[in-house]
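Below, chain A partners chain B and then partners chain C, in two separate complexes.
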Partner chain A sequence: MQKISDSPVSFEIDDEQGYLIVRFAGEIDLYGTPHAREVILNCVKSDRNTVIDLSAVTYIDSSGVASLVEGYQLAKTNQLEFGLINTSEAVMNVLQLAHLDKVFSIHASLNERLQAS
Partner chain B sequence: MPTLNLGMIVTMSEQKKHELKLDQHLALLARMTQEFTTSLDIEETLHNAIVQMMDYMNAEAASIFLLENDDTELVCRACAGPIKLLGLRLPADHGIIGNTVKQNQVQMVLDVSADPDFTAQVDEQTGFTTHSILCAPLTVMNKKLGAIELINKKTDDGLFVTDDQHMLTALASSAALAIHNAAMAASLVEQERIQRELELAREIQGNLLPTPKHASFPIHGYNLPMREVSGDFYDYFTLPDGRIVFNLADVSGKGMNAALLMAKTSSLFHCLGKTQTSPRKLLAMVNNEVHENSTRGMFVTMVGGIFDPASNEILLANAGHQPPLLQHADGHFEEILGESPPLGILPNIEFPETKLQLADGSLYIYTDGVTESQQNGQMLGEEGLQDMINSHRDKPAAARLEAMFDSLQRDGRLLHDDVTVLVIENSQLTPSLCLHIKSNPSELKGLRDRARKTVLAAGCSLEQAESIVLAIGEAVSNIIQHAYNAEDGDIELNINVDHQIEPAQFIIVLRDYAETIDINEIRSRALDDVRPGGLGVHFMKQLMDSLIYTVPEDGLGNRLEMRITINAKNK
Partner chain C sequence: MMSNHHTPTDQAAIEVENLVTHYGSTRILNNIDMQVSTGEIMVIMGGSGSGKSTLLRYMLGLHEATSGSIKLLGQDITEINAEEMDELRKNMGVSFQGGALFNSMTVGENVCLPLREHTHLDENTIQIMGRMKLSVVNLGGFEDLMPAQLSGGMIKRAALARAIVMDPKLLFFDEPSAGLDPVAAAELDDLILRIRKALNTTIVVVTHDLDSTFRIADRITVLDKGDILMIGTVEEVRNSDNERIQSLLNREARHIEIDADEYIKELTGQKS
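Up next is the complex of A and B:
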């Protein structure tokens, strides 16, 4: 896990079955979002299909959600896949509040995503 | 039943006659037993039975008398024949019928004029002439119910015979069983009716007690009735100025009369307490009202008072109730003594007030059902109560009361009386958070942690705590990004509970000292427009009951007040 400065969020990136998987952990708020956003956008910009694993995220605010939206939009423009897996209850509640739960492609795991496509 | 053909009988042999008669006896017995066991209307069944018995046994009149009024009277409940005796009441030892019941034996009197037990009282009243009587007792399992009486056999000699005696004895047994069953059924129906009424009374009584408040409210009560209805009660309600009127009382006696006096006294207190806030005057008014039309010998002991959460001061008066216990912050207990008599005994008396500073202590008002509860023959007593309080002292007041009642009921303790406890405390539980932070995103996590802890301590659910934390996080992020434009500045966060509103609300106030913003510019974006940003205000609106932006009184910066009902569903 890579710590993002002293913010309450950390991440690691794995390359699995043709996808970059970004695993975030902790709380994604205004303090950690600029870095989280950079991590997400860099993955998409590297022309790779990207999934964000949010199982260990205990808090996400509107700025965190915004960086997910940015990643989604950039991927769409570049005709790449972008999805969320393992969303924790805390994250899911916030996505529902933003009515984004139907916009993102959300799966329980990468395998489930592969089977669905 | 086959009709009796007299022509045939005359020509029959004696043996045949006897067989036919036996058949008829059995047929009547079978039919009546059937009617007795299946009928729901006992009076109608008895009437039909007595008519058939009279006809079959060829008597001039017949009647059934049942013991009533604690077995002191015999009352005619069915009759047949030329005279109407229905409802006639005789002393239980009256005449031949009384004797039959008393001795529990069939009486056959062939000539009443020669019988010393016969009283001509009924004949004199009705104009009927009694010659002979056949009377059988009605008994079930040694319980005497009454008797069946047949009068004047309609034969030439007018005399009953031994066969008649056997037949009536058999009929009386099944009639007695039917009467007994009907009485049992009626008593069950009556018991069920009483039970239903008691349940209704209990429900009404329960509604007279205040609805439990959330954990941060300074007063909590608990009542455990020993019967369906209780003579104990307590009440508390908040006045418009924030002070809380409270009482706890115990009505003398138990059962329905105590419950009714409880309903009256609690309603009086609740109504008068809204305008008369001096406990001394309030108890005097309630006392006069209760005294004016209370049943002789009944009285109410009560502690009534008023608590001011702002000054932490309690003013109370005690009408003959046992002294409340004040547990000071250092743990020691103090009895708050009072000397006035209970309510309802003497009119126009004084109930002196005691003023207490609650500080960080707790005041316990309780009924003697608590201290008189027994375990292994030992009463709990005041010391036992103090130990019980201490063993749950680490819990918040509402949970502490619940734990105390759990142990009262669980430890095989014998409870003789209704048990009621009221606790008043205004200590660390009332959430109030006042936090100053710098306008810097690095402060957000600490702020969220403090806010979460504060609202959870006020008794809100985990789910709601997360919603509140998110709304506060969004509001502070907005201040940092938009009001201060990511520059240095100060932010203040205050969280309090508004008890004036029912149900209570959290008031969350954020204050900054940035340039005053145009309120009209604060708006959330349309959600179907999927783009980053603009979601914060939408979240706050969704999560809170209300958001109000104002310019603070000193004209500096911005003030945002968010409110949410504590533990409101679907928020």
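Up next is the complex of A and C:
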């Protein structure tokens, strides 16, 4: 897990079955979002299908969700896949409030995502 | 009737203790004690002059109390310095009665203003956050309009979008349904409930609108002439046998009791 100094969020990136899996941990809030955003956009800019694993994310605010939106939009523009896995109820509540649960491709796990595609 | 299918935690997000306030020499609030739990919706109701709007302004740190304490998220705002208060305000959203949007800015600029003032987020992030919050209040696509182009209900919703743009832990409303038709008022109530559910926001609403109160409140604080008459659930307040509370609920005019001596002193400017 890569810890970013002075940031409430850490991450690791694995290359699994054709996807870059970004596993965030901690809080993606006003302080953590700039780092999380950079990680998300760099993955998509590397021209790879990207999946964000939110299982270890204890809190995500609107700024974090905005970064997911940006990643999604960039992936779509570049005709890449972009999805979320392991979203907690708290994360789903935030996505639902912004009507984004109907926009993102959300699965319980990478395996479930692979089976669905 | 059950409250709104939400269980606030026991941890107090707001604690008001022995709050006494004056306006000049007139005492406005008398030894107010009140706690609001994290994730709870507390409605403060009372007639005109009950002190409900005054209590809200003190909770926002807009005035200095005569005595007592007001703790927001564990910090006593009667003791902290201006810098600490500014930091605390990042966790507070306020929706004022008239909306208080800046008429010279677009709706989108109004909503994003707190983000531009208080964060160092990337401009793309800020714009997406603003549009998301406008979508939450069903104003998606309205970001380029000016406030003057919006209806009263839309202005209230845009103000709410601005109040929640930073995902505040505490959200305060001053008469949210004032000036709205019943449908628009009900929609705003629904929004308040959705925001609490999604973000576990602690919400304080000052209102005299009974329908709205019964729709959204977990608990109600009833104020009368600066005193707390009662704090209780919707059910408890409805069933109260307190005469003043029943007058409020039944929208009866209050009977003004006059002490002749006090009244003459008041008219002649003599202090009692």
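Assume the second predicted complex is superposed on the first by the 117 of 117 C-alpha atoms of A that agree within 3 Å, B and C clash if a C-alpha of one lies under 4 Å from a C-alpha of the other, contacts with A are read in each partner's own complex, and residues count from 1 in each chain.
Quick note on the criterion: a contact is a pair of C-beta atoms (placed from the backbone, for glycine too) under 8 Å apart; a residue touches a chain by one contact, two chains touch by 3 or more.
Keep in mind the model is a prediction, meaning the values are calculated, not measured.
Per the definitions stated earlier, placing chain B and chain C onto a shared chain A by superposition produces a clash between them. Once chain A of one complex is fitted onto chain A of the other, the partner contacts of A:Val69 extend to both chain B and chain C. Of the two partner chains placed by superposition, chain B and chain C are both touched by A:Ala98.
Of the two partner chains placed by superposition, chain B and chain C are both touched by A:Leu30. By the touch criterion defined above, A:Ser7 reaches chain B but does not reach chain C. Stretch 527-535 is the one among 77-85, 275-283 or 527-535 where chain B clashes with chain C after the superposition on chain A. Where the contact sets of chain A with chain B and with chain C meet, they give residues 29-30, 61-63, 65-67, 69-70, 93-94, 97-100.
Considering their complex, residues 29-30, 33-34, 37, 61-63, 65-67, 69-70, 93-94, 96-100 of chain A touch chain C.
Residues 119-122, 124-125, 128-129, 132-133, 135-136, 165-167, 194-195, 197-199 of chain C are the ones touching chain A in the complex. Those residues of chain B whose C-beta lies close enough to touch chain A in the complex are 441-442, 444-445, 448, 466, 469-470, 473-474, 477, 480-481, 527-528, 530-533, 535-536, 538-539, 542-543. Contacts from chain A toward chain B in the complex involve residues 6-8, 27, 29-31, 59, 61-63, 65-67, 69-70, 72-73, 90, 93-94, 97-100, 103.
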